[in-house]
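So, here come the structures, one by one.
Look for subunit A in each of the two complexes below; its partner is subunit B in the first and subunit C in the second.
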Partner chain A sequence: MAEPTNGSQIPETKYITLVSRDGFEFVVPREATKISPAITGMLDPLNNFKEAQTARCTFEEINGIVLEKVAEYFQYWYRNKDQEDVADLEIPPEICLEVLMAADFLGLT
Partner chain B sequence: MLSGKINNAKPGPRIRPPRRVMTGGTSEFETLWQMLKSSFCDIHNKNASALAFEQLYRAAYKIVLKKKGSVLWQQVTEFETEWFSAKVMPIIKTLITAKTINAALGEVSEVSATERRNLGEKFLKGLRDTWEEHQTAMNMITDILMYMDRTMVTDARKPSIFTSSIGLYRDNVLLANPTEHGAEYKVCALVNAVIIDMINMERRGDVIDRSLIRSICAMLENLHQTDEEKDDERLYLVVFEPHYIEESRKFYANEAQIMLQKQNCGAWLRHAEQRLKEEEDRCKTTLSTRSSVGITEVVEQELVIRHLDEFLSLDRTGLGAMIDNDKRDDLSILYRLLLRVDSKLPHLKAAISKRVLESGLEIEKAVGNMDLSTVSNQKDGEEAKASSAPKTGSAAAQQATSSALKWVQDVLDLRKRFRMMLQVCFDNNSIIESALAKSFADFVNLFPRASEFISLYIDAYMKKGTRGSENVEPVLEEAIVLINHIQDRDLFERYYQKHLARRLLNSKSESTELEKWFINAMKQQVGTHFTAKFEGMFKDMSVSQDLRTNYKEYIAGLEGKIEPPASSYKKIELAINVLTSNNWPADSMGRNQGDGDNNDVIFPEDIQKLQNSFLKYYSNGRNGRVLTWVPSVGTAEIKCIFPKLKESGPLSKERRYDLTVSTYGMIVIMLFNDIPDDEWLSFEEIKERTNIPANDLHRALVGITIPPKSRILLKEPNTKSIKPGNKFCFNSSFVSKTIKIKAPTVNPSRVESREERKKTEDKNNETRANACSAALVRIMKQRKELTHTLLTGEVMAQLSSRFCPDIPIIKQQIDGLITKEYLERMDIGGVPGYKYLA
Partner chain C sequence: MLAWKHFQLQPVKHQAKFFESNNNQDNRGRGHIVGPQSALTDFLAANNISAADIRRDAIARRRAAEAAEALGAAGTADDQLASEAAATAAVARAERATKAKNKKQEEILAKIRASKKSKRAAKKSKKPDSDDDDDDYDENEEAKRLFNEQYAPLPGQLEFCANEECKKRFTVTPYSVAGPEGGLLCARCGKELEAKDGPSKKRKRGRPSGSGAAGTAAKASRRRQVQSRMLDGISPIGARSLIDMCVDVLANNVQMADDLGDLPDAMIDKIGRNLSKRRQLKPSTLPLFTRYEADTVNIYDCSYLAAHDLISIFQKCPGLQHLRVKDAIFFNDEVMEYLIDRNLELETLSIHGANLISEDTWAKYLKTKGHALKSLKVYCTDRHFGDESLAYVRTYCKSLERLKVCNNQKVTSQGVKEVGYMTNLKHFGLHLYGNEVSSDVFVDLVTRLGNQLITLSLKDVHTLDNTVLDAIHHHCTSLLKLRIMGSEEVSDPGFVRLFSGWKNRPLDFLDFQKCRLSDSVNPRNNTNMKGLCSDGFVAMMENSRKFIKHVDVNSCRHIGKEALEKVFEEGIEYPDLKMVELSFIEAVDDYVVGLIFKACPKLKNLAVFGCFKVRDVRVPKGRILLGVPTAKGMVIEGDEP
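Now for the complex of A and B:
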């Protein structure tokens, strides 16, 4: 539809890196993040924001423990999206609320 | 998706509250919004690569969490509106010059096409670019504001920010009035005009930038009249298409006029088809497939339907000419075109029917011309016949017969041609097929002598020796189709019966198999009741065959047992056909002769004995059957001995000849057995002695007195016709080169003369009246009371398989039945009706 905003188009990498506020990094398949519209928009090559260029998303508001769960959830979704009767993902009750908020932020509803 | 398991045995782990994010107030909103705003500017300026999405997204997220979502929404729309007036419209305005306006809106058309195209393309390109930039930017902004959208759309029921922002493009750019002064018009009006102008250029053969127009159309398709985005409120449909359709209508109306002036139907067809294809393609490549139905309809209406009749009736190239010249390609195109317009094909149907009728009438006229000469000829011929010149008469009859055959052949050829056309050009369309069938039936029925001619045609193929042993079945099969077309089947039945009787009784039939096959085929096509009589005739023939053999055996058995008369049975061999009177035509059965004196022809004594003998044999075991002798259709083979007259020459010895003559002829000849050789008998005397009806006697005498080859009797005066008062005498000096002599006895199957036809028709009408009457009684007996309309309707329905009854005949029969007190007039609910009595 439109020319890329930046002349040099970066080829889409297979994996992307999620970075937490406290510096933890989680590498997940790009496909697995498609469940989150926020991350999808972030990485959209047409929009070509900084994240799209570096394949690296930094979340200033999410700490490592929660982001780990989020990354795990991405994997969990990616593995199981085409299957039925899948066992629930275990979430420790103590981080429940924070995970919930992160999910809301990322549009995982 | 989230679940946790709490272990109840130990004290549960503490749930940590989330970090507080809801801090700060309006000032924080301002900071966040300023950051977003400057990023939006960057995005619009294609400067977004340095921006971190997460940061912007989080900013919008925070604003929404602070319940400032609707404020943000408001701010964004204001920002975009400002952006349009500050940055976009100035660009657009530079593209709209006075010249563009003039060229596009066509007030002054002094601008050349090339210039117009260049200006238009520039304008459209500018527009497309601003649109695409806006769309890209808005995609990015929408992604950033995703969180806001989510809450706004569900909670505040506002259109998504993307929808409203492209709505802003519509309101601020397309619907804007670009000039500060002067004419009232909007950008989109200009867009319409430019696109339509370009399309008209392409229609005239220019090359235009299709993809440019396509992208503008896509824009119009993506924009809606309101932010509710209803499917039928797309700007393309609301703003552009009506104009486009209207202008196209003008264009094609004009083009149709030009084509009409060229007077070439074929060219017009090709052109129209080409145009339809072009428009179809144009919708795919240049405009939008949404328009294909509409524009196709315009072309069909303006270019095809509106002047269809004018084109089809063109003299040298119209439908008639196409059919006559077998222009199958053109006809196929015509069919395809009309099929798209209306699957019921009313125009083509009407045109084809008309053409068939015309061709049919042409054939009839051609035959009529031929016939006219023959009829007058025949009239002379008949007079000549009466004055002893049968040859002219039969020649004329021959010619009339061949014209009958020609008529049928032409009709069949015509039918074949149209069938072919149906198959090749019209895809065996069932509507056209039935129209063809109907119009064939129409003109066949318009021709009063169709029944007779078709029967004659079949007769010609069935008769011995007329056509070799070629394969006649397909020809006859086609003839059956014609029979199917005939409405007055009873009349055809009558003729066929007559011709078949003649073939059977005179053993002229080429093959019984073929006859039977044909009757079977007719049975399948027309119905059992129709062929019942014909089958009966065949049955009679085969029964008679058995009867003859048995009778022969019976005679052989009698021999020796019974005295004198047996000798005469031996001399005379009887070949008899016992015919069931219902199955055979009345006139060949000797009935309805009208002369009144035909019942008791006086047979020679020998023959009478023979008759009695057969009667005796036949009545044995068949009580109550009445046999009537029908000498008019019989023939006799007699041995004739001519006496020795002179000492030398051909007359110097006794001559024996085998004569084949009609039964009447035999009676006459045998009459002379009993008188001296040189005694003369007058016509009246012969009539008196034999009691043969005058007509038949006349015919019999012609056969044995006039042709030199079979001049058994001499006539006084020796003229070529027989008149009352003529005298006849045994021609004892008769000489022939052949032993077997055949006196011309039977008239060949030929066209009926005017009077004969009249007679046949009268007879037929009589039969019809009876059938009507029978049907009336049948219906009334069952229904007891019936209104007039219903009654006539039922009668028509009952009889229509045989013929199409006239209303007057029905009325007449009703009156007749009332007089005979079968029916009574009565009033049924205010409508005239009848009541069944007795």
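Now for the complex of A and C:
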């Protein structure tokens, strides 16, 4: 049996930090990022990634404006989890292609 | 006046002549001869409305207007005198009409005031000690407001503009704006008022809109949207995915996009589907999908694309290998010839609605490029792409693994026989119109290809019988997907034999929809066990329990309740089952639906259209129950599994 990993010894924090390529940081509830399998995988202590220990995920491919929208979506998804007939999130057409790319990367299908 | 007399008398004389012989005993026009009266004339007379008066007034108004014009211009003194007299008469008449109208209005206002007063008095008598705080209550104002609301002219009526300076006559519409002093304004004054004050609240007519018609319409529209999303497989609870929302925004603003950049193929496909659904795939948006490096191009709606647009796909994508075009009406000989001439060798060609390609061109294409084809799907070609083309496919497409011929009226038994000789074929789908193919041909096909077939889909082969099922049982060992749809000759024992002791691995896709007795006189009396019935259903589900993902037994109405309960009884689990279609099976009820949700942990969609015993079932969150026959629809409870 393998030794327990470092990650599993660290207690799970309630919030995590998402960092964009240009250094913007967004603090979001851990629960709200459960919709993204990519982030869930990064934060899973069993995978023994650095992100699981520091609760900080840095995305070198995503810039601040786009990551802000993604963080907003996490919040929006979490808030409306049990709601019926939810109005769509407003996405400016200028950044929609980049948000789409980020959403695909994070697995927000 | 003479001219008018002439005008009025002429028709009466004419009528008199015409009806003299028949109506000379009529009492209504004693003294002079009149024609017969219509019901309308009687009605107008009974209501004291005289057509002659209306006509006289109209003529007087017209004359007054002419006179006024004549006054302006230089005219003779006599003319002026005459027209002045006429004008004075018209004005007097108009004044009389206005006075009558005002009098009527005053009467109604008085009535409203009186009723208000009596109501207030009643209120006071109930609470005698309450202060009379309505001293400054302007009852005239209130009465006027009520009058304007209740007696405002209806759309279509004529009304004078309430603006003192305008007074123009106009037709009232539902959009006519009320003036600040009451009454309605004409279109121009209304616009001026709105420009000055900003858009006013919508004028209410009749009942208030919040709880009334507008509210109900909005609710209905929302409900329809939810139902539409459910049919698309999207749960009505929770937020939509970010990808879907982005694709929607993109489709809404597609004119702003020059290029989709390096988006992954799956995303480009989603955008393509969304644009096609909105009928926005036009020559202007086509370049988004024909990128230089693309090896796959899926155009789901080519109805706006002409032949040269379709040719541009081959020009812009030199590495194209997989092409799917739907509604490709203009994919004609010219486009096909271009494809033949280019140095392109498609591995996949899926073409829908291209009935302008002649047999000769198909033959040419298959001869020159057929060797590279691995998948060929031809849909909706009417009387084109027939047996000869299938013979060419057999001869020249040696590496073909997937063949689908759908909605075709030309292929006959001969063509289906050719398919039996395609040595590498693994997936075969057929949907013919008109030409019946006998079961022997399919038995022969299955005997030849059985051990390599992974997909077999035969739609609407009405004469297909148990011999084909037996052949499948004996020869097919690698099938994953089996569809036999709309066959009325197969029977329950045939299905039981097929699924009992079959060497084939468990299937993951089963579709036997509409395999049932179709006797409209005696639908319940199925003594010969035609179609898929209880035993066949049990055998089929037992055989495929491990891997089954999709089950469609729509309209197999002879599957009984015991069979359904046995298949989904507690303790049995279908670990991968995602989609179940049980529409129009009478025996399905709340209990069965509950059992299905318990037995299938991954179930996404369950369709029960036309199952009227499904009344009040609780649907676990994350699942979708389609077609609940009650107005309440699907009721969700609990958390996601």
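Note that the second predicted complex is superposed on the first by the 104 of 109 C-alpha atoms of A that agree within 3 Å, B and C clash if a C-alpha of one lies under 4 Å from a C-alpha of the other, contacts with A are read in each partner's own complex, and residues count from 1 in each chain.
Here is the rule we use: a residue touches a chain if its C-beta (ideal position, glycine included) is under 8 Å from a C-beta of that chain, and two chains touch if they have at least 3 such contacts.
Only a predicted model underlies this, so the values are computations on that prediction, with no experimental measurement involved.
*Asks:* Taking the superposition on A as described, I'd like to know which of subunit B and subunit C A:V70 touches: first, second, both or neither.
*Replies:* A:V70 contacts subunit C only, not subunit B.
*Asks:* Contact-wise, after the overlay, does A:L97 reach subunit B, subunit C, both or neither (first, second, both, neither)?
*Replies:* After superposition on chain A, A:L97 lies in contact with both partners, subunit B and subunit C.
*Asks:* In the superposed arrangement, does subunit B or subunit C reach more residues of subunit A?
*Replies:* Touching more residues of subunit A than the other partner does is B.
*Asks:* Does subunit B (first) or subunit C (second) touch A:L89, or do both, or does neither?
*Replies:* both
*Asks:* Counting only touches as set out at the top, which of subunit B and subunit C does A:N80 meet: first, second, both, neither?
*Replies:* second
*Asks:* For subunit A, which residues lie in the overlap of the subunit B contacts and the subunit C contacts?
*Replies:* In subunit A, residues 73, 88-89, 91, 93, 96-97, 99-101, 103, 108 are touched by subunit B and also by subunit C.
*Asks:* Would you tell me which residues of subunit C are touching subunit A in their complex?
*Replies:* 222, 226, 236-243, 245-250, 252-253, 256-257, 260-261, 263-264, 266-267
*Asks:* What residues on subunit A touch subunit B, complex-wise?
*Replies:* Listed in rising order, the residues of subunit A that touch subunit B are 1-2, 5-6, 37-38, 41-42, 44, 46-53, 57-61, 73, 88-101, 103, 105, 107-108.
*Asks:* In the complex formed with subunit C, which residues of subunit A make contact?
*Replies:* Within the complex, subunit A contacts subunit C at residues 70, 73, 76-77, 80-86, 88-89, 91, 93, 96-97, 99-101, 103-104, 108-109.
*Asks:* If you look only at subunit B, which of its residues touch subunit A in the complex?
*Replies:* Contact set of subunit B toward subunit A: 1-6, 12-19, 21, 43, 46-55, 57-58, 61, 132-133, 135-136, 139-140, 143-144, 146-147, 150.
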